[in-house]
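As written, the chain order gives the labels A, B and C, with residue 1 at the start of each chain.
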């Protein structure tokens, strides 16, 4: 019950991030719906297609209704929600952290290997946002130096590693999600970024 | 038999719209083939992947051959076809309207819920074109204010709603497709568009 | 054994081409990993999803580990690898040629038709690179006039045609891959390109 609620909360947070792209571009309501749904369920959909399990929102309408509800709400209040700049980014960070662990956990639960589980965790947490940015014609988190995909990687990888070392699922999940959240939080609060590849290495050699 | 013919016609119309992107950019024949196929079968392919039913063109080569035929035809006559600006947009509107209903109907027929059916109708009708525009580096129908995705939404939603209210499949399909077509037709003839989200709301509050 | 090695080699070559996009943009290590994996396994993943067979890297971790290894290597040596401009393009050409034939062969082996097999061969050989370019915000091979997708088409189509005319699988595969490689090689060495659609035809008619 609590888990289900957390799951809906994750979809809702991502849907909000999606509809904000539509509001910033001044698009119509159907575009709000499109971007909210794409961002909210895109990552988990890719994960389920690749794992060849039924797509999670097919048999459980709640997820799509959450995206619909968020779109309606945001159609009226996007300008107010955007006012909460930093709280919103923290909310998105919580969604990303939770999903990186949940994506990895679902993959392990259907019997796939740890390496695959890490990849799936990252995909679940980030793919919806990447699709949204590509369709909106904006640079996605992949090509920005700010820490985002890296934090998803730490969440998924940390969970899989701790499980391999024998920690119980819930403890591993909590620690891994917290690690991912702290890393992403550092990027939000202090602008943490990963070192980029130095193109000018070419000159040095 | 008639249905099959209509289905091929839908793919053909979308394939034409795809190959025109290639002709406008002055690309080679393989690009004609690529964009014709992507646009022609993209939406239905996504629908079938998500529903976990066999992709519709896997066992029935006709669809791919239609895309091939359209590409060859367009390679020689794209400049003439483009001359029919408005008729062509109407043809595309017919394809979109028919597919929004067919996508929803196929989803209901495999036992999924009405909410999912609406989403699948919209996806079938619009996803091929969105993919085409993203790969061609052009703004897709999602980010334009002109009514397009909205009409697909009305077609799929109208069909599902009328079915739920007990109308027979054929009547519901005909009315819903007509509604979608009229809405899209209004956009073509009179430039109908949906109201966009006003960014300057922020100033007012 | 040798086949498996060739398969890993193909993934590695594509992964290198992917990570070079990350190095050119000066991105961080996770972006190297992302682009290497996307380019390395993207085309084959689409093929397997469409064919509804288990995605090839799900049960066999080697492929993902190859992408990881390539990313680590490239993180330190991308500037040197890029120095080998032409050899690198030839390596990519070998990967593309081999995959166009392997994609078509896998499709025939699961009982699908020749037309579908050609499409799948082209998709396997080119889709990873197209995704990479779309996400990186660069023009993909589809919209360039240089021969690339065309060569994949010749590889997949040639293989399917020769099989249909009764040649044994290995002979057909070798000849088709060689044809694709020669065509792509001509583009690399002599700038071969396909004639584009002439937009100014409109003026002539």
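We adopt the following convention: contacts are C-beta pairs under 8 Å (C-beta built on N, C-alpha and C of every residue); 3 or more make two chains touch, one makes a residue touch a chain.
Model, not experiment: these values are computed from the prediction.
Of all residue numbers used at the contact between chain B and chain C, under half are used by both chains, marking a mostly different-residue interface. Matching the C-alpha atoms of chain A with those of chain B calls for a turn of 120 degrees, to the nearest 5.
Our note on geometry: chain B versus chain C, Cα centroid distance of 29 Å, whole angstroms.
In chain C, the residues that reach two or more other chains under the touch definition are 49, 134. Taken together, the chain A residues at the contact with chain B in this complex read 22-35, 37, 45, 49, 54-55, 57-59, 61, 64-65, 68, 75, 78-80, 82-83, 134-137.
Chain C meets chain B in the complex at residues 49-52, 112-113, 115-116, 119, 130, 134, 139-140, 142-143, 145, 149-150, 153, 193-199, 201-202, 205.
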